[in-house]
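So, here come the structures, one by one.
Shared between the two complexes below is chain A, which pairs with chain B and chain C, respectively.
Moving on to the complex of A and B:
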């Protein structure tokens, strides 16, 4: 019985590594071949500034998601562990989150694109951000990446947070709730404080699920970003080079994270359930 | 009787204890004195408040929220509802064993040290001390010969009987004075029940045991004194043999003779 389980785990692990490898190849290709079509520095093609626009995107997306996920986890801990179930704030937030996380992620992408295109005029009038002059026909977008001084950056940040947080909060709450009450009771009855129970029992047991939830949320966000970029390539640009690189990068990132998160659940979280 | 020496003979003294869960009154004017160093059993039909009373003694029921308590409980001469009482110290002195064995999902070794680790500064327990503590705790619950080669095994992988004994062993390094047991044998078979009962009898001199049980034969076998509760009230508290053979109260008599549904 145990032997069969070990073999299964082993095989699953190998399959996952192979899948991750397959995902990794296009990413590597993109990073290798990335021509700096979307920067002005295209003339000086050193390896560093060939990579920099893509890494800049990735860096922005990862750091935003990381912050959003951390904040989401903190929210979930507060809701689940500190507020009683009858608290009206908790009920309100949980209901809103249930609605938000039920919305298919493409709507967030379209929302973001919509806000960007339709508010461009207002943004230009206010003069807060340096909005490209010829934004209406879309050609200016070729120059825009996730530079942190463009409106794209701020809108992307907001929408990423809006997409990542509800799913993170939901999965983290479920993970904390999945730690069986007898375990908590046992620790409390031995005199442990709330924080000791969390740190020594609840967090170690729920950690895999929390991590998997964060990865899943980020995977959804990346996939939607890739989709929007895909639509953009198809609709607006005449020179798809730089954008298709980004498309591949985001899409493979999404695939990587989703495989990673389901592997975590399959291999480790279900194993800890047996002892829960 | 000399009243001056009274507090020394009792581990727990509850006076006019009333408890509400929201609007529902679960304990009504309970007055009880539990003698030191012996086994006292709590019997009564389901929902009569015996588990609630037990959980008052280490204030573990407060976690559920919506609980109001009135009255006084003195554990080892100290009112546990005083503002200066530390729940840490109270629960260290009053250990608890639950209905379903609930070892923590870590190794046997770490289970026994868990209580000690949360009550002492980080890294203050040396390896040799720890080994000795684990050995002593397991020896006193007669698990050492079975488990000495399995100390690193997950506690949740043991047999139920061993798990329940481990839950008792886990309390011992904290040197509690009182051990509360909430139907400790209801998840065990006859052999397991017998083993846990024998263990209680051996440990009874050192610790005060309070056991909630639905099994009247068990109450009769293990306990010296017996408390019968009904709908939140304490009906009768007498020596076990007397309570079973010559109950004063009609409800007690109905219950112990199984005329009560």
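Moving on to the complex of A and C:
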């Protein structure tokens, strides 16, 4: 690596750290304020109680994204490695994915509110609509945590799958396609089976790019998640302070993670160059 | 003389574009068959048919039979076993993204060889046969792709020898190798001839003259002539096109 590139990498890393610091300050402030406000409202609140809704949100988001990414990778492997290019199912899926991954993430947020959220009545009809508890006593942070049996949880699941999967499938397919044909042919000529070629050649070469794709999908989805949470809070809370606190909390968390994942993307991208 | 490979009525086309037209010839056991001809004459396609990697080209269609030891290769169920019987050296050096050691040990491992001592011995022998051992013996764990072009080419030769093939197909192996090393590998090929049948596709007609027992001349997918090398490179080959090509007055 030449000198200018070293400096560039160094500067980029510093910028990332500075941004993380900028994100960290409001998070800390909100945590402190929330702590003070809630000590008056509820009796026994520890910093852990304040953190828990944030962790709860992130936990839901991350676990769903992780599953969706795994599923997307599996889907891309099937499309790219087992279906021939002329297969109509493959062409259909690829076209749909191209459309879905081109949609700006804000529209997913609108989709979430417009379709999923307002059709929550349907969810109510089948008996999964929750009745918010303790809406009067003002313990907002307790109230709005992501419960696994709320419709919002299912909405988040659907939106996340819709957001994360197309990008993951697209990037994974590109990563698999980027493994040069001569490498596959050379391995096949040595008598390796399809599975051996995948395991020993294709996956190691494409792995970093697949991870980068997953990170990209995740960082895009996090922004929309913030919007969904905001809507959720607006709908179920009467306390305006809780809205802003919670929103800022999640937004900062999302920003933190998306910066973190874009750093990872950069790392993976440079790691994938080592064979070339 | 026993026939190792019998090709009869072989027709291959890529979509509408024909690549080989009704080619029929035999390859004798333990001979070096030189295959010469200009670009687009179907030399590489011929090799792809023999180790059945043509199946990866979606638009390719094939007719005719290719027999290895009297068995039609399209009826062989274990295609991976078939490919292990045929060593293939491709024109552009493709170092698999593994260490030098793993590159050579890839095929034996795929075939199920696990013993470390046997692998060590095999890797050393193959690298020595490919005239690469002295240059890389101290750094067997570096990436194969980090070697220079010529070294990678010799690595692919070592790799092709690693599964002890019965037929060795060399597709313009000397493209990236200097003349001195080429001569060393040619000497190795002459000794290997006792153990295996060698198909040598080459653009260097002089190389075919030096090495080949018999030489086949392909032109635009047709087999113009196949005869012993002495006849092909004499003043009186059967076809005028052959004479023109080997003497450089072609076209």
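Note that in this section the second predicted complex is superposed on the first by the 159 of 276 C-alpha atoms of A that agree within 3 Å, B and C clash if a C-alpha of one lies under 4 Å from a C-alpha of the other, contacts with A are read in each partner's own complex, and residues count from 1 in each chain.
Quick note on the criterion: a residue touches a chain if its C-beta (ideal position, glycine included) is under 8 Å from a C-beta of that chain, and two chains touch if they have at least 3 such contacts.
Not measured: the values here are computed from a predicted model.
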For this session: Could you classify chain B and chain C on chain A, in the superposed arrangement, as clash or fit?
Result: clash
For this session: Report for A:182: first if it touches chain B alone, second if chain C alone, otherwise both or neither.
Result: both
Exercise. Which partner does A:201 reach: the first (chain B), the second (chain C), both, or neither?
Worked result: both
For this session: Have a look at where A:96 lands relative to chain B and chain C in the superposition and call it first, second, both or neither.
Result: neither
Exercise. Between chain B (first) and chain C (second), which, if any, makes contact with A:193: first, second, both or neither?
Worked result: both
For this session: Indicate the residue numbers of chain A shared between its chain B interface and its chain C interface, in ascending order.
Result: 84, 182-183, 185-193, 196, 200-201, 205, 275-276
Problem set entry | Touching residues (chain side chain C, partner chain A) in the complex | 51, 53, 56, 58, 80-84, 86, 88, 90, 92, 94, 96-98, 106-107, 110-111, 143, 145, 156, 159-160, 162-163
Exercise. In the complex of these two chains, what residues of chain A are touching chain B?
Worked result: 84, 182-183, 185-193, 196, 200-201, 205, 272, 275-276
Exercise. What does chain A use to touch chain C in their complex?
Worked result: 84-86, 180, 182-193, 196, 200-201, 204-205, 275-276
Problem set entry | Residues of chain B defined as touching chain A within the complex | 58, 60, 63, 65, 87-92, 95-96, 98, 100, 102-105, 114-115, 117-119, 154, 156-157, 167, 170-171, 174
